[in-house]
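Below you'll find the structures, each written out as structure tokens.
Shared between the two complexes below is subunit A, which has subunit B as its partner in the first and subunit C in the second.
The block that comes next holds the complex of A and B.
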């Protein structure tokens, strides 16, 4: 094999441009004292890195970063600064010296270490030559879906993804334990108290344009989530992205029509139930495989042998009809969708439910 | 020139990482710290994706045998390089780091939410999210408590006497 030498193509130049933008945003985040500005800059940072991911061929990651980083986490951060404060203290320059020195020192060491890394874009780099190469070469035979990322995520490393789904679920439980399920919000006010509050809100409504646009957009966003979900095997997308997009539709509804209306449409109990249901669905698929004589999450054993033999195309050699793999991936992605969407909604309810309290405090004070 | 192109991405990502770390270290505001943590996390993602890029490669979604895009993608590359990097007539970037970072991002927002929830509870307990103010209030309360303990002890010893 010839020695690899990187050279400048359009892709690489765009990549450098985006990195420069990231650095500029970082400087702005470090310098600003306004937390609101920092949160919005964080959203911009995520959006630029999403574009950068596209330039470096990571379409699925870009998708996730765009909806999660620029969408949901901005909403969470805004909720948190609403509940805490919007300005950080001014620092004396003496307090900045030590952290600065530590970071510069660590940075210099990492620069030195980076010189031992393989060159950018090298196809024979250890990361790209061994296991990554294996997935590219074997996905067609083993799993039979075009999107290699989905194949690795849902099938080869399904166990790993189960763990991550459970972490998201556990995060949701953690937030709910600390902030409640949003039951302090107006959604759970007794009806007698609630209607005057809602009427007062409706009277002070300046957001006619927003409401009309949102009414059009929200169903389309929700529909798009399902497109991303079921298209995830063929193109970029999957349960994680779809779940977050669906949650974004619900959050948008809550921001524009008020939390109480949203909680009528999707009650907190429903979100809780679906978060658990997703994890159950995912691990249930694994258990079915075990009952049928395979390993945990080995979708080749999803159907009993006699049933699989009767399915069209299952006799084909070369493995171009993987019924077990296809159904396994669809079901576990559905489990991921349920857990991620429900957890994000429950977390938003938790933050927004507290906000009603704080706003009430402000009105009294 | 080629060594600059080969390492510039790593250097930029390291600066971003250290910037995130600096935000965590230098600010006493808990929310701003969570923002720093997010920057650090995203930068680690950038690092992984940098290693996954294969020069002249495309998104790791298998392209149909009869897709005209195949010829176009191949024509951009030097034949000798193409031979060494291609699988089945197309150069794909490495999918594995994509999977790792995709799930890490979603887990990252879950942990971010947990961290923010803690900050909200800290604000409810202390009335502030600035580390120094929290420490000061803690010191005052400790001093108060130990003073009360001392009072209790003196009362007890007086009662003994």
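The block that comes next holds the complex of A and C.
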């Protein structure tokens, strides 16, 4: 085995540049007292990270970071600021001693350990030589999809992905418990209270440009979500990204055409139902696998074996196509799409529903 | 001798999948609860799902007794390539504990949510409760270090929201939940940083695979840092002194159901992962584990047992007294675990079980009178034991267990704690337990004095008995506390087997 030697190429230089930018943005986030600026800087931070992930050849991670970090979470944080305040409180320096010490301690420990890590990109590093190598070598025999990341995410470690989907679902339940589903803006409030935001949003006729551009964009965004959804096995993408992109289309609609119109098209109850249905669909695939004689989430048992062997080109009858794995991945990704999109929409409704209260109070005061 | 090898409770088709179904039951039920039409349906779903988990836990226990270790490969991919659940006696013990406590809490939730939570939120509350349960069961069943993080997040996110819902009774629940959210997220992040270092050093996430690779990495700084990050992260989750700041407020202001369920389960699951990592994933005789136990865990646990017992004495709110007492009791468990012998770990696990039973009963009794007690201060409960004896007698019995009075489970476990500490010549630890017990005499005495010897409130303020829906689960806990206090052979057997399993290492 030849010794791996690091070398300074363009990639490495770009990496250092991006890391320096991340550091600069971080310092700015910590220093600014305007929460608005901090949120926007965090969006920039995510975007730079996404670029960095692309340079590291982690296209799927970059995609997720871009849509979640730079996209939808910025929107949610802005919503949260609208409900609370835009300036952070000044802290006494005494209050920052302990957190500071913790940060310095953790940082020192990180450096201490990082100096001992294998070199970046070393093919004989444990992370590349053991389980990681197995995935690269065996994906085509075990799962048979071209995108190894999808194979790991949806099949080898599909149980983790079910868990992550449930984390999203749990987050949705948490927001709904705290803020409701936005039903407060739906009409059980007196007109005096609900008008400002509703009408401000609905009566934005003077925003003709916004409206016409949005009309053009929203279908394209929604369509793009489905493209990302169904190309997850061959390219970067999958249910998480697609779900967020679809939700962004809906959120854009609500921002331009008013919450009430959007809620007519996608009622909060529907979002709630689909959030739960997505998890049920995902775990339902696992249950079918168990009924057909496999373990939980073993997509090789999605169909009864005799049936799958009869499908054209099946790997069970000498072919190369893993029908069970392929369909299993498509269905669970659909489950992820349902839960993620529905949860994001429900969360937006919850925030927007509260915004009506805040603006209403302002108007009364 | 108790024989679990003949324990067969489910047909073989179900038993084969018991490990997965244990977690899957509450997960699927949580979706069903979120979609159910009203709170009553959600309550029934919640109870049935936790009963189902308990059933599967029993089936697993029989399997573990027969086979030793159950490995269930998710997706059919053998470890370390896929994620697997790996259940030994320690895992079986926690599956039994968590699911049985959840079943009792779910039975109680019918009454408790009616009393404290708006009808519109009850279905989601039950959904969140089931997610918490599924997350905790997943944490204690999985054989994969990263998968444990995913389940940790599921249970944590559910918990943050459910604590915050307490705002309808006590506005301070909101900052308490937010505080816990921030600290809990820091803890989870530390854990996942640690797992990342282990992956970089060993190239695997599977716990058994890590265990076989880590002895060769004794010198690796990455593995050392990984251990440190994991222990700090889990220590935060387990409310290990001085990382316990979130706990008293979170417990004191949460809805009663969450008081009961959290105090019985949440910190316990984090303690489980600490034991798993320190003695099973890392070689228990490695220098870093030994140093951590002797120089970090034992002293901090000792300080916790004394300082937090003292703090409990000076609290004015009943729930806060019990919350500080919980941190002190976590100190007892950690002190025993830090002895790092089989007897020590077994004693720690036994005390953990006893503490789950008694704290759940204490919080349940307080929640039981929540309809007729308006305030939160200790004096608001004046004479509760006189007008509501059926509700408050279990409180007294659980308090005795907290003190370690004979014929309660607390006596048995305190005995085992001291025995284990003497066995390894930890004389100072015995002194700590003795001092802390004397301190707890003060706050327990104060609570019982207020509840039973103060004049009862009359008229409009009269404290009424809890309804039957609360009394039945409360008395089940009380009977269990006494039963195991008289004949603890069964739990002792399970705890001893668990300690043996964890110290035996992973094959």
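In this section, the second predicted complex is superposed on the first by the 327 of 365 C-alpha atoms of A that agree within 3 Å, B and C clash if a C-alpha of one lies under 4 Å from a C-alpha of the other, contacts with A are read in each partner's own complex, and residues count from 1 in each chain.
Here is the rule we use: a contact is a pair of C-beta atoms (placed from the backbone, for glycine too) under 8 Å apart; a residue touches a chain by one contact, two chains touch by 3 or more.
This structure is a prediction, so every number in the text was calculated from the model and none was measured.
Engineer: Once subunit A from each complex is brought into register, does subunit C clash with subunit B or fit beside it?
Structural biologist: Once both complexes are aligned on subunit A, subunit B and subunit C fit side by side.
Engineer: In the overlay, answer first, second, both or neither for which of subunit B and subunit C A:286 touches.
Structural biologist: In the superposition, A:286 touches subunit C alone.
Engineer: Tell me which partner A:121 touches in the superposition: subunit B (first), subunit C (second), both or neither.
Structural biologist: After superposition on chain A, A:121 lies in contact with subunit B alone.
Engineer: Just subunit B (first), just subunit C (second), both, or neither: which does A:142 touch?
Structural biologist: A:142 contacts subunit C only, not subunit B.
Engineer: Regarding the shared-chain residue A:17, is it in contact with subunit B (first), subunit C (second), both, or neither?
Structural biologist: neither
Engineer: Between subunit B and subunit C, which makes contact with more of the residues in subunit A?
Structural biologist: Between subunit B and subunit C, B touches the greater number of residues in subunit A.
Engineer: For A:171 in the superposed arrangement: first (subunit B), second (subunit C), both or neither?
Structural biologist: both
Engineer: Let me test your reading of the model: by the given contact rule, A:273 touches which partner, first (subunit B), second (subunit C), both or neither?
Structural biologist: Only subunit C is touched by A:273; subunit B is not.
Engineer: For A:296, decide between first (touching subunit B), second (touching subunit C), both and neither.
Structural biologist: second
Engineer: Quick one: classify A:160 as touching subunit B (first), subunit C (second), both or neither.
Structural biologist: The answer is both, since A:160 touches subunit B and subunit C.
Engineer: Using only C-alpha atoms, work out how near subunit B sits to subunit C after the chain A superposition, in angstrom.
Structural biologist: 5
Engineer: Quick check on my understanding: which residues of subunit A belong to both its subunit B contact set and its subunit C contact set?
Structural biologist: Residues 106, 110, 114-115, 117-118, 125, 127-128, 131-132, 135, 157, 160, 164, 167, 170-171, 174-175, 178 of subunit A touch both subunit B and subunit C.
Engineer: Across the complex, what residues on subunit A touch subunit C?
Structural biologist: Listed in rising order, the residues are 106, 109-110, 112-118, 125-132, 134-135, 138, 142, 155-160, 163-164, 166-167, 169-171, 173-178, 180, 272-273, 275-277, 279-280, 283, 286-287, 290, 294-301.
Engineer: Going by the contact rule at the top, pick out the subunit C residues touching subunit A in the complex.
Structural biologist: Result: residues 17, 20, 24, 27-28, 30-32, 34-35, 72-77, 80-83, 120-121, 124-125, 127-128, 131, 134, 138, 144, 146-147, 150-151, 153-154, 157-158, 160-162, 164-165, 190, 193, 197, 199-206, 213, 220-222, 224-226, 228-229 of subunit C touch subunit A.
Engineer: Give the list of subunit B residues in touch with subunit A in this complex.
Structural biologist: 1-3, 5-23, 25-32, 34-35, 38-39, 42, 45-46, 49-62, 80-81, 84-85, 87, 91-99, 101-103, 105-114, 116-121, 123, 128-130, 132
Engineer: Could you please specify the touching residues of subunit A with respect to subunit B in the complex?
Structural biologist: Touching subunit B: residues 1-2, 4-9, 12, 15-16, 19-20, 22-23, 26-27, 29-30, 35, 38-39, 42, 45-46, 49, 52-53, 56-61, 64-65, 68-69, 72-73, 76-77, 79-81, 83-85, 88-89, 91, 95-96, 98-100, 102-104, 106-107, 110-111, 114-115, 117-125, 127-128, 131-133, 135-137, 139-140, 146-149, 152-153, 157, 160-161, 164, 167-168, 170-172, 174-175, 178-179, 234-236, 238, 240, 244, 340, 343-344, 347, 350-351, 354 of subunit A.
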